[in-house]
Amino acid sequence: MARLEKVIFIFFAVLAVLPLLLPDWPYWGRVLSSALMLSSLALAQNVLLGYTGYPAFGGIAFFGIGGYTTAILMKSYSVPFLPSLLVGGMVAGFTALIIAPPLMRLKSHYFAITTLALQLALGEVVANLEFTGGTDGINLPIYRGPFEGYFFHFMFLFLALISFLINLWVDRSVFGYALKAIREDEVAAESVGVNTVLFKSFSFGISSFLTGLVGGVYAYWITYIDPTSMFDPLLSVKTFVALLLGGVGTTIGPLLGAFLLEMVSEIVWSGLTEVHGIILGLLIVLGILLVPRGILGVR
Amino acid sequence: RLGAAVSFSGKYAKEGELLKRGYELWKERVNAKGGIKVGNKRYKVEIIYYDDRSDPKTTAKLVEKLITQDKVRFILGPYGSAQVFAAAGVVEKYRALMVQGGGASSKIYRQGYRHVFGVFNIAPDYGKNLIDLAVSLKPRPKTVAIIYEKDIFSEDAARGALEEAKKKGLKVVLFEGYPKGTQDLSSLMLKIRMKRPDVVIGAGHFKDSVLVIKQLKQFRINPKFVGLTVGPPVPAFVKALGKDAEYVFGPVQWSKAFRYKDPLFGSTEGFVKAYRERYGEDPEYHAAGGTAAALALQIAIERAGSLEVDKVRKELLSMKVETFYGVIGFDETGKIVTKPMAVIQIQGGKPVTVYPFREAEPVYPKPEWK
Amino acid sequence: MRALEVIGVEKSFGGNKVLKGISFGVEEGETVGIVGPNGSGKTTLLNVIGGVIRQDRGRVLAFGKDISSRRPSERARLGIGRTFQITRLFSNLTALENVMIALHYGSSLPATKEKALEILEEVGLSHKAKDRASSLSLAQRKRLELARALALQPRVLLLDEVFAGLNPVSIKEIVDLLKRLREERRITLILAEHVLKALFQLTERVLVLSEGRLIFDGRPEDMAQNEEVIKAYLGERYVGKGS
Amino acid sequence: MDLLLQLLLEALLLGTFYAFLSLGFSLTWGVLNILNLAYGSLVVLGSYLAYSLFNAVGVDPIVSLPISFAVGFGLGLLLQASFVNRVIKLEPFMVLILTFGLDILISHTLNYFFKADIRSIDVPYAEGSLVVGNLIVSKVKLLVFILSLLFTFLLFVFLKFTWTGRAIRAVALDVEGARLVGISPERVFALTMGIGTGIAFLSGNLYGILQGFTPFDGGFLTVKAFLVSVLGGLGRVESALLGGLFLGTMEIFVSFYAGESWKLFASLVLMILVLIFRPRGLMGGKYYGEA
Amino acid sequence: MSGKVLEVSDLRAGYGDVEILRSIHLHVSDGEIVAIFGSNGSGKSTFLKVVAGLLRPWGGSVRYMDEHIEELSPEERVRRGIALAAEGRKLFLGMSVEENLLLGSWIKRDKVRENLERVYEYFPQLREKRKTLAGDLSGGQQQMLSIGRALMSEPRLLMIDELSLGLAPAVVDRLAQIILSIREKEGISILVVEQEVSLALEISDRAYVFDLGTIVDEGSSEELLRRDSIRRTYLSLM
């Protein structure tokens, strides 16, 4: 395992120099950015589902929160990107931290669906408010600056790296063991001294903070956001498919799953644009039936 | 090579199909003449289409794909303001160029984009024209209910109507939006039924228009004047509603009653004739808008004598040409500023122009549903 | 000092009164057995002390501190360890990891691991250290629960039917282990138990619960003579056999 | 006063349909512990079936009801045979993703064949509306209401008065336990999936009569079914009725007084609150499969 | 019929690739009570699971009433008269006590009422708690319910894992009586796993001793009770 993780660092290094090597960069830049974005999302969810056992099916709510916060700060208050992004991530993280105690009394698919409801409800709120641009959405300023063609690739690469490191830490640390205990049996975890409410809230907070950051970078990257794209259940599903495909509760699984899924859907998307939805559905169904435990699955 | 991501399915399938017809008619005509002239070479036109399923984020994705993967520099716009809005950001980001005849929301032009041009008058004009017509009729209506779909275009159009109504001294008894994709307007209908307005304005797209008429009838609501922003001029409208479509008003960007000269088709009449030959029915404004957008792009490219985005853009900014569609000229923000709109009414199953010039007298007040 | 003091604890589940005004105290280093018919409230009582269930009325004091409204995790860190009647292990983790989690306020990971191995050794489970908890047999699971509780370095240990399902050899081993712990660390033991033979080797004091009421508190010998206890719990035959 | 009555009437009509719609969903949820996110798409599939029968063969959408149920039942068995049996052993969350995949698959396949246009089944004899005093009732809604009520009642009788019902629940609680008393879980799964999908198709048929539909309506129909199940509490037909009426009433009143746009938001928030504060639904009672 | 209800020979089984049972030979005659005890983790529960059909054997034969049943599904075995009160109990925790019992008679639906009465007679506590959810029962009550439910199918061969687990002495006593009287009245064969060796030997006719997946000792209960090795390992300790 440890060796495999070294390989991942090499992989990150390769991704960092890739822009210099690949021809046809705008195209590959887009594909790689998507894959890295999905990786970050899957890794963020892995903290929560993989280690803590809570499937935040609607975790993309925090993607939306992060994205919208960043967008509104930049557009309406002309705050520069990086500070906006950071605030976006923090708003997402703190929101999660605050709602965690009541929300995380629910388990398994009750939790999953409640978070999904939250995600949809937030989408509705954003769609109905003025300062969020309503259903019209927001057009962000366009990035013009150094590394213009590479900027977002590096941003996403950075996020994926951070997420990966956090996963590594959780996998190995005392903190991570406490989370795993919660995943297995909360009553027992309490009985051996793990304050479950505290730890699971933290886990939710970290996961959502990362998700929020990804949302912020995405918003800036894609330049046009609206409620349906920022609170998109399909993105939730993609995140979890990537996660489950690669293997929940492993550090490498989410990365692997995300790249695999993104590459496959890119091929499907560009080759068979008309039927890509059908194929995507088919892939999800087959994927789960064939590798129900994920490629690197432990559970 | 040009690219377009248009709705062939979903809410805007009808309008998207018409838009494509407009593009296709233009393409065939240009290719018949040997293609677009750039410098002294002629290029055959090829248009890559994708279906955005009436979903803005799909539009954005597809436009991005057109630019990065299919290497298209010139984009013909999608249908629907939200779609245009979404596409615009992408076009701007990659410094490609889009000319569109499918989005009328004024918001598109408030982003400071430099690479997006549109041949539609902005959305508030839709509402404004309807109200202007309504107040010119005898007996003068007193109250108006305005309902709209909550999307970037319809809301804009509804606000246009609201403002104009206030200005003209109409009492607005209801001004309310409903979410995209709503299939049942019962609660709105109940409200309208209670308020008994003289005028009902519905801002939405084709599907909404059909739904509004059906439900007005179902709830036995009989205003004197029913005006819908999008739908009435589309042939499918009459097909879907039959008799119930009679006497509904609708604003148009363009009418075949216009009389202009044209570099490609000779004149408005020429365009109408070509369209009729090709598709077996009269053109309406969506198709015309498509043709006009493509035509504007063509003219700019030919004048620039180059396929460089910047040069073509300069030509677009400075152009002022008469076409079958009216005079085309853009302001700094990229919106058209040189042409009028009109209003039609369905009479005998056909849209006839009743405002600002009259092909026929408007029927008013509208008879009750039967 | 009193290790534990339970004062007037009451608990009902939807109208069904399961604990009715239970009060007793346990001295530090003392061992107390809790017995009683099935459904008399033993497990519930341990759950109230451990904090998994919140009592409706009454208080629980540990070492003089009122812990009535503390979270189970806080109580655990105050030194109240426990096992569950129906085992609750972290089933997807290995036996070793199960113990490590309870040790998690220890120092570095390698040190923790070593400590955990020691504890497994102590309960006779070191050969299963790398096995997943879910693959253990019933008795092995019980031992693991005990190991996990010990990892907390508890001052009070609540044991809910640790001997059930153990064969006599294992029972002997556990009894010896508990005796040793008591001597070495002065741990206070509270055992809810039906395997009286094992229990009586450990304790001088038995509490008998019946229908949520404390009907006896005293020496095992006296218990076997107590009419009420015989009727409610032991049954005639047990007395006949003599103990 | 008239207005209030009118609104309540609308709520009753709508709520009863929601109740019936949710029954198939809550059944498979309760019994198989499968939260079928493809449920809405199955409903829509039912709508398209009725639509096709109506347009291609001219079958009246009421006559097609038994056909819908039969086809749905068959499809349920098929689904069951092809993967539910395998999936049942997976974590519930996996199943969630799986059924979402199925949802995407169905809706996009429908989209491929029918395009995303809004279709509707027009029942000529149910056009227009009845006027009673100041109240106005659309005939279509009335028709759908009556049919929903009828089917709900039938299902109620079936579940309440048969051994099958009990077996179904036993399997939900403990598959090995069920085996140990001689019940074949596979058969129970098949039956439940069949009935559940049958109900989906039936309500799809009704939905098609009620209003226009597109291939992508599945998502929000699933949300409705879920809402009703959660609001009422799982497992009983009575709960579904309560949940349905509750949702219907709330939707009607919210959209009338706060605006159509807040309808979905209100129901979602309501659901979240109910889940957090009364996780067993308004009717109480424990969920199946929970200790 | 050979007079043997259950006959197992050279049975091997395990989980994943870990072999737990190695070459088990065991039989239960008609109307006999047979006990199994032995060290923890020796495979007793595993053995019962194999007989009930919850676990596939790797090899060897399992014959019931002279027929091979290795391939039968658990539910088919129940139908033929094999019932198991399992370790971990496998109750329907979300259903009432009574519903659990009713379902026990799934294959004998016509005789539910009689069976129910019979079980309530054996376990009056269950009658008191019949509306309670099985999940809310105390540990011992669940054990009773588990045995009661197994009885509801009128088995020919009743298997009970950990008979006295978690039961109060009075209940254990009564259970022992019940077991004997069930055999008396219904003439069925019973196979129990029991740790409390004196109890096991008291109620059984014959017994097997398991260790590390094999049978290390067997014989009539009286004989075993007298045997030194048994006394030393299992009885003298306390």
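Labels for the chains are A, B, C, D and E, by order of writing; each one numbers its residues from 1.
To be clear about the criterion, a residue touches a chain if its C-beta (ideal position, glycine included) is under 8 Å from a C-beta of that chain, and two chains touch if they have at least 3 such contacts.
Please read all numbers here as calculations on a predicted model, not as lab measurements.
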Those chains which touch chain D and also touch chain B: A
Most distant chain from chain D, judged by the mean position of its C-alpha atoms: C
Most remote chain, CA-based centroid, reference being chain E: B
Inter-centroid spacing, chain D versus chain A (mean Cα positions, whole Å): 31
Distance between the centres, which are taken as Cα means, of chain B and chain A, whole angstrom: 38
Rounded Å distance between chain A and chain E, as computed from the means of their C-alpha atoms: 51
Centre distance in Å when chain C and chain D are each reduced to the mean of their C-alpha atoms: 48
Multi-chain contact sites of chain D, meaning residues that touch two or more partners: 111, 261, 264
Chain C residues counted as touching two or more neighbouring chains: none
Of all residues in chain A, the ones touching two or more other chains: 127, 274
Pairs of chains, among all present, that meet the touch criterion: A-B, A-C, A-D, B-D, C-E, D-E
Parts of chain B lying in touch with chain A, wherever the complex brings them together: 50-51, 55-57, 60, 62, 64-65, 67-69, 82, 85-86, 88-90, 92-94, 105, 107, 111, 150-152, 155, 179-180
Residue ranges of chain C in contact with chain E within the complex: 13, 16, 35-40, 43, 85-86, 135-140, 161, 164-172, 194-198, 201, 232-235, 237-238
Chain D - residues contacting chain A, complex: 35, 83, 86-87, 90-94, 96-98, 100-109, 111-112, 219, 223, 226, 230, 261-262, 264-265, 268-269, 271-272, 275-276, 279
Residue ranges of chain E in contact with chain D within the complex: 52-54, 73-75, 78-79, 83-84, 86, 90-95, 99, 102-107, 109, 133, 135, 149-150, 152-153
Complex contacts: residues of chain D adjacent to chain B: 3, 6-7, 10, 111, 115-118, 128-129, 131, 136, 138, 211-214, 252, 255-256, 259-261, 263-264
